[in-house]
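Chains here go by letter, A, B, C, D and E, matching the order in which they are written, and residues are numbered from 1 within each.
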Amino acid sequence: MNFYSNLNIGQKRVLWAWGFLAVPIIFYTVVRFYPTANAILLSFQEWNLLGDRTWAGLENYATLASDPVFWKVFKNTFLYLILGTPISLIVAFTVAYHLDKVRFMHGTIRALYFLPFMTSAVAMAWVWRWFYQPVPIGLFNNFLATFGIPQIAFLNSTTNALPAILAPAVWAGLGFQIIIFMAGLRAIPATYYEAARIDGVSRWTVLFEITIPLLKPTIVFLVVFSSIGFLRIFDQVFNMTTNNPGGPLNSTKPLVLMIYDTAFNGYDMGYAAAQTVVLFTILLLVSLLQLYLLRDR
Amino acid sequence: VEIEYWQYFFEARVTAMEQLIENFEDANPDITVKMNHFPYADYRTKVAAAIPAGEGPDVVQLFYGWLNDYVDAELIQPLPDDLFPAAQIEEEFFPMVSAMKQDGRYWALPTAVRSLALFYNERLFDDAGIENPPQTLEELVATAEKLTKKDGAGNLTQVGLTTGMTAQDHHWWREVLLRQFGGTPYSDDNRTVTYNDEAGQEALQWYVDLEQTHGVTESTFMDEPQAAFKAGRAGMHIDGSFRIGALNDTRGLKWGVAELPAGPNGDRYNYASYWVNAITSKAEGEKYDAAVKFMAYITSDEAMQIWLETVGELPAKPSAALTDENTGDAVYGPFIKGLEYANTTVFVNESAQRQAMTDMVSRIELQGQSVAESLAQAAEEEQKILDEYYSE
Amino acid sequence: MANLALRDLRKSYGRSEVLHGIDLEVDDGEFVVFVGPSGCGKSTTLRLIAGLEEVTSGEVRIGDRMVNNLEPKQRDIAMVFQNYAIYPHMSVRKNIGFGLRTSKMAKNDKETRIDEVAALLGMTDLLDRKPSQLSGGQRQRVAIGRAMVRNPAVFLFDEPLSNLDAQLRTQMRLEIKKLHQRVGSTIVFVTHDQVEAMTMADRIVIMKDGHIQQIGTPAEVYHAPNNIFVAQFIGAPSMNLLSGRQEQGQVTLFNGASVPCTGEPASGAVTVGVRPEDLQPGSDGELQLEGIITVTEPLGAESLLYVDVDGHEVIASGPGRHAPEAGARIQLSARSENLHLFDTGTGEAIR
Amino acid sequence: MANLALRDLRKSYGRSEVLHGIDLEVDDGEFVVFVGPSGCGKSTTLRLIAGLEEVTSGEVRIGDRMVNNLEPKQRDIAMVFQNYAIYPHMSVRKNIGFGLRTSKMAKNDKETRIDEVAALLGMTDLLDRKPSQLSGGQRQRVAIGRAMVRNPAVFLFDEPLSNLDAQLRTQMRLEIKKLHQRVGSTIVFVTHDQVEAMTMADRIVIMKDGHIQQIGTPAEVYHAPNNIFVAQFIGAPSMNLLSGRQEQGQVTLFNGASVPCTGEPASGAVTVGVRPEDLQPGSDGELQLEGIITVTEPLGAESLLYVDVDGHEVIASGPGRHAPEAGARIQLSARSENLHLFDTGTGEAIR
Amino acid sequence: MSVAENIEIKASSDALLRGPSNAKKPRNIAQLIRWIILFAGGLLMVMPIAYMLATSFKFPFEVYNLNLIPEEPTIENYTYVLGDGRFYHWFWNSLLIATLTTVSNVFFDSLVGYTLCKFRFRGRYIVFIAILSTLMIPTEMLVIPWYLMSQQFGWLDTHWGIMFPGLMTAFGVFLMKQFFETVPDDFIEAARIDGLNEFQIWWTVALPLVRPALAALAIFVFLGNWTAFIWPLIVTNSQEMYTLPVGLTTFSVEQQVEWELIMTGAAISTLPTLIVFLIFQRFIIQGVVMAGLKG
């Protein structure tokens, strides 16, 4: 107590802060950092999960660099990111922005948009897969066929499959992003809008000069978080390509699926760990870059 | 003593095992067996996580393809010589069980095995005026052509034969078609890929022609071959014996089974696979003894018959399988007959090896690669998988 | 430039009506100041004029157009908010410039105009700061700047000066007056500050509980308040009220003193009001009071004397220097022309 | 009960120092008012006393304890914030009661105390409302209530009355004074309002740019300002400043008028200050000025005359009624004892 | 249909909760168009879900038909799934785990987020990045160490074992940190003056001000744990300890998935999450009432 009372106010607050962080830090260390460190160590080793670990040096990384599948997967992963994040954020923001202004059946409509987020990814992946099928069972192709338009090979195509799988991923996450956006929109004091209305600026100005800047904490969160989400995409790919995971011809395979495959089908844990370390590095760099670009100036 | 037994969840298998356990416990009142089961799709992950950690079962059910890993990691122990002498096993069981032998000792044994056969939709056969299922590959194509339907835009609405490397076709191609065209998949020591030759090209050409030339099939038709067959939109379908139960449950579907068609030279081949039971290295002392007894029981003829009746899977011993009653059975008959000429692939990484086959066909279909090139590439890829494994 | 009219304006929040029929005509170019106790509905009235709240009933007219259904921006108004409402993410320059966004001025002219306004508000050095780095008064100045920069037809100010120091306040008061004279805009100004109200207004509107009590020039409301409420509300310290009875053209006060009275109240009870500055030490006037000083408040130029007259506290003004000490007995007087008479029952002035 | 001392108190935000060594002793039970232009560091000083910001260097002592390292709650203080800081998610009752959360009073006593404070602030009817349903002034009253409810040793008020109407302001002013007299707490009060400062303070502290300019009783700072800044800052409208030159015990003003001067400025340049209320129409005084009235501002009891004297604007006070019209030529005068002389170079008073 | 009704009742009470409306009467047409487009978009969004529901009422032979209305509707799938005694275990396990984890997350994530947002201290940014970095390792790589850990502490096949890795998430910390940025410091300072300690300030002042975010967090954490699959699968052994998603996979068998049952299970397991959503979304809508309190 004496020690505590000798601290100055600033130091006391620092002490409080670390006090608040104590339990979480222990938790994160044990449950997250330790396994992570373990994975990094493992990436320099050889382990088939069942036997002993043996030292392998940089061999796993060398294999990775010379593996054409890895580079394909690397490219896919970034495609998911580059397409998924902007598309989903823009759509989500647009919906949230307009939904925020709607009163009639507001709750119902919001629930409609949020429902996909609540339903099981496995079941939904199947439904989507089913929508994408060729005739006679595919909804989209049947629709095209009734207009005499030739079928589109959605999933059985090396070019169309990735966007086709991205669609349900965006779809499923939309509700989440809308909710976050709405919560963010709600936190903006009404007087700011009132002042802008008085100033008579256009709705676009209000949007770009007031709403979006004031929404920045929310946007930072969503950009970083959804980027992480798309870089870690797995469920949709795995469940929509169960027969030929990441296929056809690896055209939809993301890094996490490769890791999963290496770990739980190949039982090459060291190699999987090396891939994990690569993923980790990419994610960290992308997130830090985004946080840096979106920081408060 | 209590021993623990793990298998994956499938209702009939669980029921059958419960019955076996009951019988076993009656016979051995001092032993109780506790069974745990896990979802099929994740069984392997589950086992892989638990056993190295020293958790889990004393007797475990494994896919035969995983054996090497478990042996190498010393997670399972060999069966005792006195009760399971190698010679006797080789005499009693179907020859493919020899894949379970390493260093002259057996490490695991199956209760039941499964093989491939040709399912056909009787109603569609009747509609098309076809009397008998095809006996040869040529007939297969001809029959399939009759069963194929298209809509005005030329889209398939019903296929003659389902195909899909992602399902059972990779087995069919590797162990059946390839051999029928005169090739072999692997060298005798299973370490070298040997299908990159003329026979291989012919077999592959024949396979891709089904879709590309004859137009009797589409690999993505209705997403999954079995779904197309179940939905009555496929005339014929090659699948394993484990499918019988599901088809039985499908209302409104009348179907029959035939042996796989014979090759150009009239030879028949088949592919068999099985799940084996093994004793983990965790079982020691009393538990080990109990586990051995349990192993003995579940690989007995009695157990096999119960398994066949409850699960519909084929006995692993000719003595139990090749009874007149069984071979004469309209449904089991073709499968059991197939066992006689069945081969088993010794996989080192089943999913990766299947992927090589899948990609081989995809390259031809989606990227227009020539058959020869694609085959060569597949052989190279698979060889790499084998090399990596055996080099350790 | 526009005149402004409110016709029977009412506003309810849910079931509680906070404005009960406001009627007001503001001439083109007039400077009207709203005063009234906290919560009486001043801000609400302003928000209705601005179009920020929907009118429950009645009409708002600006420049002869009924604007009830127009958007704020179509009403050609500017408003300074009581809580500033400046944008935290914009620099002071951008905040001030925000009012010019829709104007068709050249970019250069805009910059010049911003600098002009900033100079006027003494904020030139702060132009590049963010609001979070400003003190309370500085923020308020930014808000004022944003409204001033645009020269709309009607200005609405909601207590814009309340966080400024006296110096700046006086200065801003003058600036706003000059602005008014220069551009001739109509101005509606809410304030709590007596001096502001008195010095700036062409007319003062005194509100209470959602009703208008009196509308008049500063001199009118100060010298001829309509009722006791206005009399007490205008002027600080507020008017002393002494109760009395009317008898034959005379009012007899509680302490026996009596003063002449011309009007005729409904009830016999009369309240006599006298402003502190009209009640001074000495005996030179018709109203004579005597009492003991309890507190002396020096205000510099003058001082306030709190005098206990037979148990009633009255406030009188004394000289700034050499004010009598507390505890002293004192004689106070006021002239009858400086007295205000009210009907005690209705509170209305007797004229 | 505590005396409060600031010793060479400094505060920097990042690299910019906003307080440059504040020294102040406040006696136990004293009422000190801080005034100063916007942004001079008043709020910052208050926040340092409260313990909301860390002191960069120097000492804060409350009741003879060095409290630099104590948390706000250990300092036994209460504070009213400039922007209220009342909790939007709590009703008025809970907001006021919040100050009592940590007190060991019985629940009943707490309720009674809350009701008492609410009654004092005229908010009894509003106790169950949420802040969003209150007007600006009502919110501020809640904030004051939250501080009052607790009776701490030191009260810190940051412009608590600036959003209240004049009536309530006068009333609250008195209430706070009474509170002060009753509980004898030490009070530090920041305000922009001259009248508030003059009437409430035992001593006034005038700040500018993070420096203290003068500390003194209201009469001292009003009648004997230390320097030009204080002279101009205290008093509204502010003191007229006339430049002149000192020659042989006389100061000659820009317009040729001259007044006696006793002190001795470093430079020859002298600034003569005269308060508007000391400069009145007539010729009864040593300082004589003549000019043309440009504006007349009626304030009720008196009026302000803006007079142009040879191009310099001076403000004088005239009578409340019958004030001279704008445009008229007028003669103004002030007595020499009411003049303030400053060294133009240093700005310091010449005594 | 009562769910839909509920939503509507919610919506109308929401309208009241929002207080006075600032909307203007004109531009009704624009409003109407906006509404129609939003509503149509919403319907599109739920189309796959409609198919899920439809499938859950179909017999297997009809599963691959396109029709939304089953030709031969059946509730057999439901009676089958619900009739499975294990189902209730799974449901209860999931509910318990998701609820407790939600409580823990809402508590700890917001505490850490608050600390990282409102306290200035050295190492703050490092801690934030470190916590954020935990989002960057796929769960698949973590399950093995977790498993070994659980085994060591005897947590295998227990509720605690299923729960412990999810008790805090970087996601929540990040979310809460961002939302605390919108809380003015004055509120916190006023509470300091009023004598609350830092913990009480967080609890009584800061938390209520970010209620929308807390509600969102609660929904997401609940959902995340409700659908968590791989870890519960690995850590449980006995069927009684399975969570709902793990249990439901027992309906998919070797080489074949019984979609009508999967869809039925998915439909049933969506219901609690829908209820949780409806409970918490109220707070999201209410928004922050401080609007206009601070400039």
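The definition used in the following text is that a contact is a pair of C-beta atoms (placed from the backbone, for glycine too) under 8 Å apart; a residue touches a chain by one contact, two chains touch by 3 or more.
What you are looking at is a predicted structure, and each value in this text was computed from that prediction instead of being measured.
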Number of steps on the shortest touching-chain route linking subunit A and subunit B = 1
Query = Among the other chains, which touch subunit A and subunit D together?
reply = C, E
Request  = Could you work out how many touching-chain steps separate subunit B from subunit C at minimum?
outcome  = 2
Query = So which chain is farthest from subunit D, going by the mean of the CA atoms in each chain?
reply = B
Remark   = In terms of CA centroids, furthest away from subunit C sits chain B
Ask   = Which of the chain pairs holds the record for C-beta pairs in contact?
value = A-E
Approximate Å spacing (C-alpha centroids) for the pair subunit C, subunit E = 54
Note = subunit B to subunit E, mean C-alpha position gap in Å, rounds to 41
Note = dist(centroid_CA(subunit B), centroid_CA(subunit D)) in Å evaluates to 93
Ask   = How many angstrom between the C-alpha centroids of subunit D and subunit C?
value = 21
Remark   = Each of the following residues of subunit C touches two or more other chains, namely 13, 51-52, 71, 81, 83, 85-86
Task = Scan subunit A for residues touching two or more other chains and write them down.
result = 49, 130, 137, 189, 191, 194, 264
Of all residues in subunit E, the ones touching two or more other chains = 19, 21-23, 64, 144, 197, 288, 290-295
Task = Going by the contact rule at the top, pick out the subunit C residues touching subunit D in the complex.
result = 13, 35-39, 43, 82-83, 133-138, 141, 159, 162-170, 192-195, 198-199, 218-219, 222-223, 232-238, 275, 277-278, 297-302, 304, 317, 320-321
Remark   = Contacts from subunit D onto subunit E in the complex sit at residues 47, 50-52, 71-73, 77-79, 81, 83-90, 98-99, 101-102, 130-132, 139, 146, 150
Message = Could you list, by residue number, the parts of subunit B that touch subunit E in their complex?
response = 8-11, 36-42, 45-46, 49-50, 53-56, 167, 222, 226-227, 230-232, 240, 242-243, 246, 249-253
Ask   = Which subunit E residues qualify as touching subunit B in the complex?
value = 59-61, 63-64, 143-144, 147-148, 151, 156, 230, 233-234, 237-239, 246, 249-250, 252-256
Task = Show which residues of subunit A lie in contact with subunit B when the two form their complex.
result = 48-51, 129-130, 133-137, 141, 145, 148, 150-151, 153, 155-158, 243-244, 247-250, 261, 264-267
